[in-house]
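Going in written order, the chains are labelled A, B, C and D, and every chain counts its residues from 1.
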Amino acid sequence: MRKLLKGISILCVFVLLIMATACTEKPAETNAPAATTKEAAAETTAEPVDTGDDLIVVGFAQCKADESDWRMANTASMQETLSEANGYKLILADSNNDAAKQVADVQGFIDQEVDYIVIAAVNMDGWDTVLSSAKEAGIPVILMDRTINASADLYTCWVGSDFKAEGVKATDWISTRFTADDEVNIVNLQGQLGASAQIGRSEALEDAIAANSNWTLLAQQTGEWSTDTAKEIMASWIQQHGDKINVVYAENDNMADGAIQALEEAGMKVGGDDGVAIISFDANRAYLQMTLEGKINCNVECNPLHGPKVAEIIQTIESGGSPAKVEVVEEAAFYYDTITQAIVDARAY
Amino acid sequence: MSKTKNLQNPPSVIMTGIGKSFPGVRALNQVDFKLRRGEIHALMGENGAGKSTLVKVLTGVYPMDEGKVRLDGVPVVIRSPQDAQKHGISTVYQEVNLCPNLSVAENLFLGREPRSMGLIDWRKMNLKASELLQKLNISANPTAQLDSYSIAIQQMIAIARAINTECAFLILDEPTSSLDADEVNKIFTLMRQLRDNGVGIIFITHFLEQVYEICDRITVLRNGELVGEYEVDKLSRFELVTKMMGKEIENLSELSVDRDESRFQGEEPIIEARALSSGSKKVAPFDLKMYRGEVVGFSGLLGSGRSELVRTVYGADKPVQGQFFIRGKNVRIRKPLDAMKQGMAYLPEDRKVDGIFPELSVRENIIIALQAKTGMFKRIRRKEMEKYADQYIDLLNIKTANIETPIKSLSGGNQQKVILARWLLTNPEFMILDEPTRGIDVGTKTEIQRLILKLASENKSIAFISSEMDEMIRTCSRMVVMRDRHKVGELTQGNLDQSTIIRTIAGGDNEDGAV
Amino acid sequence: MKMGLFNDRKGPAMLSPSAGKKLLNNRLIFSLLVLMVVVVQNIITTPNFFEITMTNGLLSGYIPNILDEASELIIVTMGMTLVIAASGGVDLSVGPIMAIAASFCGLLLNGSEYRTDVYHSPYFLAILFGLVGAALCGAFNGFLVSRLKIQPMIATLILFTAGRSIAKQITHGQTIYIMNPTYKWLGVQIPGIPIRTTILVSIAIVILVVLLVKLTSLGLYIQSVGINGSAARLVGLNSRVIKFMAFVICGILAGVAGLVSSSSVGSVNSGELGLSIEMDAILAVALGGNNLGGGKFSIAGSVIGAYTIQAITTTLYAMNVRADQLNVFKAIIIIVIIVASSEVFKEKVNRLFRHITKKNVPVGGLSDERQ
Amino acid sequence: MRDSKKTTISASSPLGKRSGLSNTGILLLITVSLFVILYVSSTILFKDSNFAKYSVFFNLINNKAYLLMLALGLTVVLITGSIDISVGSVTGLVSMVIATMLSSQSNISAIWAIPISLLIGVAFGIVQGYLVSYMEIQPFIVTLSGLFFARGMISVINPKSVPISDKLFMSWSSAKVYIPFLYNERKNGTMDVAYLTPAAITAIAVLIIMIIVMKKTKFGRSLYSVGGNPQSALLMGVNVKRIKFMAHVLCGLLAGIGGLLYTLFAPSGNPQNGYGYEIDAISSSVIGGVMLSGGVGLPIGTLFGVLINSLIERVVPLLGIVDASWPRIISSAFLFVFIVLQSLFASAGHKGSFKPVLPQWMRFNLKKKN
């Protein structure tokens, strides 16, 4: 055993040696171009020194690339926009909804000295340490879609949706549908608790309920963004409250889908002018279709196509400018009575 | 020389009137045992004689039902092996009871590792271990993992461990069963050394040569009862085997056996083995012919290879060499199913480990072999199953609440009958019965013996193994004798009497040398 | 009423004579007790518990709901029961296998489109394809366990971690929506039949498994291999093949559950299908009084175990317990059941009882079946 | 990469002589070599990604300090032949409790986070250990319930993301202990000095303690003996039940420490924290050479298991695979290779035909007394 440990320590030394040689090689390799590009860099100021080719390396820490249709569209948008053809090299790290892994991924980007870091945060909190490392290493950080609780000087800017504004669009629609005398009984299928989309959308609803005395929140539970869970919860609500429910406020498309199925299977009329009003968010193609069919009354868009905006910001920084701290992507809301087939077909995701 | 020197010591361990029962079996009945310091005391007896039970009672593995134990005159109650160790009684079992994943040194010192500053001092431990190993002449590296050594070495290490504790009494429960002559000699050297240091050793073995080489006294047990205590020099091998096997044929109705070998003249043997042997040297190449309608006994002491031989025939141990013929056709038996398809049946020696499915019902235990033979998709209909089960419960007089009772709640004898029923149901032409009467009551024994003869008269061929000589003599028409994993003889007609058999098994008094 | 039905097709464990003591020794009794408590609790709190109404051509109400929601779990539990009985280990990969099966099916129906009304290939072919995919996954697990002798839990860990990603690859990384109404036949309703198809499928699967176990000798083989491998070999059984088959069957059944689940939501989302169902299935088997160490098993027990878990879940939902807090209650109830039915606990209770009554019973008194 | 792999395969061809290395040793050696090969080849393959930097290497430890704790805990219980799948949820629970405790409303000192996290872990360990060893309930079911319970309790305590605002705790979290002389120059000319976080230092300290405990204490050796052959261990005077119980308590304690280190690394409470970490911990232990059948494994191996885990996480995004689901398939493939290797060794070792595996020059333990 002793000898074995000795062997292992020899191996460890071996690793360090390899690292050391690799380290000494590296400067020798990059010294010459570095010297030349330094002059060039002096001319074109903000241009970061590349490692050979001219691609801008972007590290993208996605929270969970295949979490939902929305997220998939979001990932795809980044991959398409920041392609090598467009002069970027995108390194996608999928943290699979693991906050610690995401922090490690970002730390990895810093160690690998990427040019930009884009983060779609799993968790709002706990970012200070790693973001100060990024700042120290001089790497601009762009936050995407989800906000974080960190001091504003730690990141360059935030791109994304205003979730509360989305929620307000939805509650506005509810107030147009019902008069002040109507009894409005709402059930709320929440997203993953703690996600900023859930917080924003729930907040908007809770504010609206507080403001309207005729609105009641019958039940509120997390469907964890999932069709299946939402369906199960909805079925249990139908058992409890029956026909009283007249508004379902589902915080994403998948959960709205689950709720609709539960309602339909219980024989209740869904959507349209006289059915249970269904509110959904995200507005993916499949659900815009459902909006067109009248099953979803109001589908508030949550634009996943952040790629172009991010590219725009990077270009701004590259050319020496500084982007605005908050860059909100444009979002619309779609209503069952105004949506057209053309809108659905135009949707890319 | 020193052999008799310590015989005069007063007994230090005195066990009197020991009784112990297990469900369905009376394992020990009023057994007395004495052990002196500085002697090597052989504990002899065939299967089920109660040797292991006696030892386990002494070491606190089993609580005894009745009886007393005195150590140096003081009555003691030993509750656990640890307790026994505190009283200076250490045990080495047949299966190595060490941890295969630890190093040799650790196995020697586990629980009493040398320490410095509260931490295990490996250097010191390895040093002490290698000293100990050297002293005992065991060639093992203290730092190597235990399972990198052969079972023999592991066994020696186990003895070394037992010795290393401050032990006054050492129990060696068949430690030599897997060792070769050289290693046995080493252990003997060790044992003598210990004896001369005043350690009392209980030595359990099946090898007579070893008993006569090293032991001072012999205590013989049979069927859970004490036969007697003898001094080695005053008991011949012949007498010993006689005492172990039981001389008096119990007063049972006479069974008649046709021993006329000539009736098989010109007939085709149902089974023929030519130089067959199994892997891992469990049994040396052997020839064997068996005919329809005969019962062939396989005798020899435990560990002589008698079970291994039949296991090889059945394919339970994979045959590696030789040729095998069934009804004159050369076949290869790779696994038990092959043998079953050729009309063989095998009632295993160890009912618990290889025989019963404890949680399954009597019915399921009976039909399982037939079902396995017919295949998964040809399920025997429930009605049919019940019919079979009822039929054999009647036929063999199995005592069970009903056919759906789990077999584990039956007594040993009835469990055995269920397994017998299992094989009879497959309608075999050739049956191997390894200790079918072990651990069951006398009445059932006779029933099974009758059944064996009845089957033979129905033109079936039966290989029969039993530790009880009289039973074999009464049922077999021919007897194959095994010694030291070799087939040493075949006794027929005229030779088939008790003294010849015992002489063949014992290998003669003047034969010399350790096995 | 459900229980009554299954009591008739008793698994072997249910056959023991119904003496009071035997019944108490039956490990199933505590699950049944909990199930009963849950039902009674429901009857008290919800007066319309037994009410079954016809809505939209479907029977609905609390009981049909529970039956419906338990169906996937039951199907998966059947396979899990066999695997546990044969190998003494668990199959962690059933959830991902569900996703894989549904993905195969969805791929065939949709081509590579994300949403379709018209099937690209016949529905039954797609189902077959999905099941074959699931069977392959099961075979992979079975190979690792029976050939390479890897512990089942670790062997199935591989598909557990990779399975959903594989499913994602099959569907080209997108959620597939299948809008053709016939797709919902399997998971919701076949027009004209007032009972949910899920319930019918789960009953059919239970009957099928019972038939498979009873009509062929697979059940006996599996138990024999699980109880005493060495004896099983000597009576001519091939334990490798039998373990392998148990895993394949478990895979296929997980596939069926996957298809049902995907059909009931009308889409294939490989990240979601059967999420964390493996844990519930293992618990169902344990609650059903089956030994997780392998050997004897009872289909009826597993069914009751599955219903117990689903009844707890549904009741807690109805009591407005949040989905994420549900686990606390589940854990407590389960640990109580398991502890109460454990041998050591019974012995301790017995000893305590004896101590109180000061009866002088000999030490070996518990095993009273000497002869 | 492919070349270097080839050499190890050919290197492991049988030679027919008895090697002095035990199974444990061989598995450990494989793990370590795999780590080295992986590291060296990524250094060569991904030149732009600076794998040769010291900071990258040290961050492998910094990033997974908490996982090392969990994996060590599992190593302990797996060695005794038991299992604990509640560690991930316990981690999450600890982080949620700490976060709730240290959120802005309360003014409890951050010092309390330490005893409380340890206490939570030990409490889980005691209950589960009792049920497993003294009530003889299957560990899988017990710890599965533990998993459910802890996961549910997180939501009961707080269903939302909770920030930690406590200054003292955050200073622990963001502290870096720089390692002198180990630095590289960044592209922009600044110095990138390798560092260890307090969490990593704690983890390394615990690792060292564990190595000593496992190697040099009676308790540690008893763990191995219980896992190797409980029957023998009992006969050799080991209190098997107590040792199993203690193993679970130790595992709980390590999970508690793991939770604390996790919270230092990602300082916030979230219902999702620690989800699925039990699987990561098990696979790290298995990759590190722990056998699930018990009795085999070394803490140092577990360290390398964790490092491999951490390294794969770094390397996979660089493979340039666009599809996000591939990384998980690749990590699983790694696990698969390890498990199959182990099984081959284990079964071959059992038959007695498995001895050689290593070429002459690689054996460390050749000198045997005859």
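Everything below uses one rule, namely that a contact is a pair of C-beta atoms (placed from the backbone, for glycine too) under 8 Å apart; a residue touches a chain by one contact, two chains touch by 3 or more.
Remember, predicted model here, so these are calculated numbers, not experimental data.
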> Across the interfaces B-D and A-D, which one involves more C-beta pairs in contact?
Replying inline: A-D
> Measuring between mean CA coordinates, which chain is farthest from subunit A?
Replying inline: B
>> Please tell me the distance, in whole Å, between the geometric centres of subunit B and subunit D computed from their C-alpha atoms.
In response: 46
> Where the CA atoms of subunit C average out and where those of subunit D average out, how many Å apart are those spots?
Replying inline: 32
> Where the centres are mean C-alpha positions, what is the separation of subunit B from subunit C, in Å?
Replying inline: 45
> What are the residues of subunit B that contact at least two other chains?
Replying inline: 122, 143
>> Quick check on subunit A: which residues sit in contact with 2+ other chains?
In response: 1, 66, 193, 222
> Do you know which subunit D residues sit against two or more other chains?
Replying inline: 155, 159, 215, 271, 324-325, 327-328, 365
>> Quick check: in the complex, which residue numbers of subunit C touch subunit D?
In response: 90, 144, 148-151, 153-155, 157-162, 164-166, 168-169, 173, 279, 282-283, 286, 292-293, 322, 324-332, 334-335, 338-339, 342-345
>> Under the definition above, what is the set of subunit C residues touching subunit A in their complex?
In response: 46, 55-56, 58, 60-62, 65, 69, 114-115, 168, 173-175, 177, 188-189, 261, 264-267, 269-273, 275, 314, 317-318, 320, 322-324
> In their shared complex, at which residues does subunit D touch subunit B?
Replying inline: 18, 20, 22-24, 212, 215-218, 221-222, 224-225, 227-229, 231-238, 295-296, 349, 355, 365, 368-370
>> Touching residues of subunit D toward subunit C in the complex: what are they?
In response: 83, 131, 134-138, 140-142, 144-149, 151-156, 159, 271, 279, 282-283, 286, 292-293, 323-329, 331-333, 335-336, 339-340, 342-344, 346-347
> Okay, in this complex, where on subunit B does subunit D touch?
Replying inline: 81-82, 85, 91, 96-102, 106, 110-111, 113, 118-120, 122, 130, 139-141, 143-145, 147-148, 161
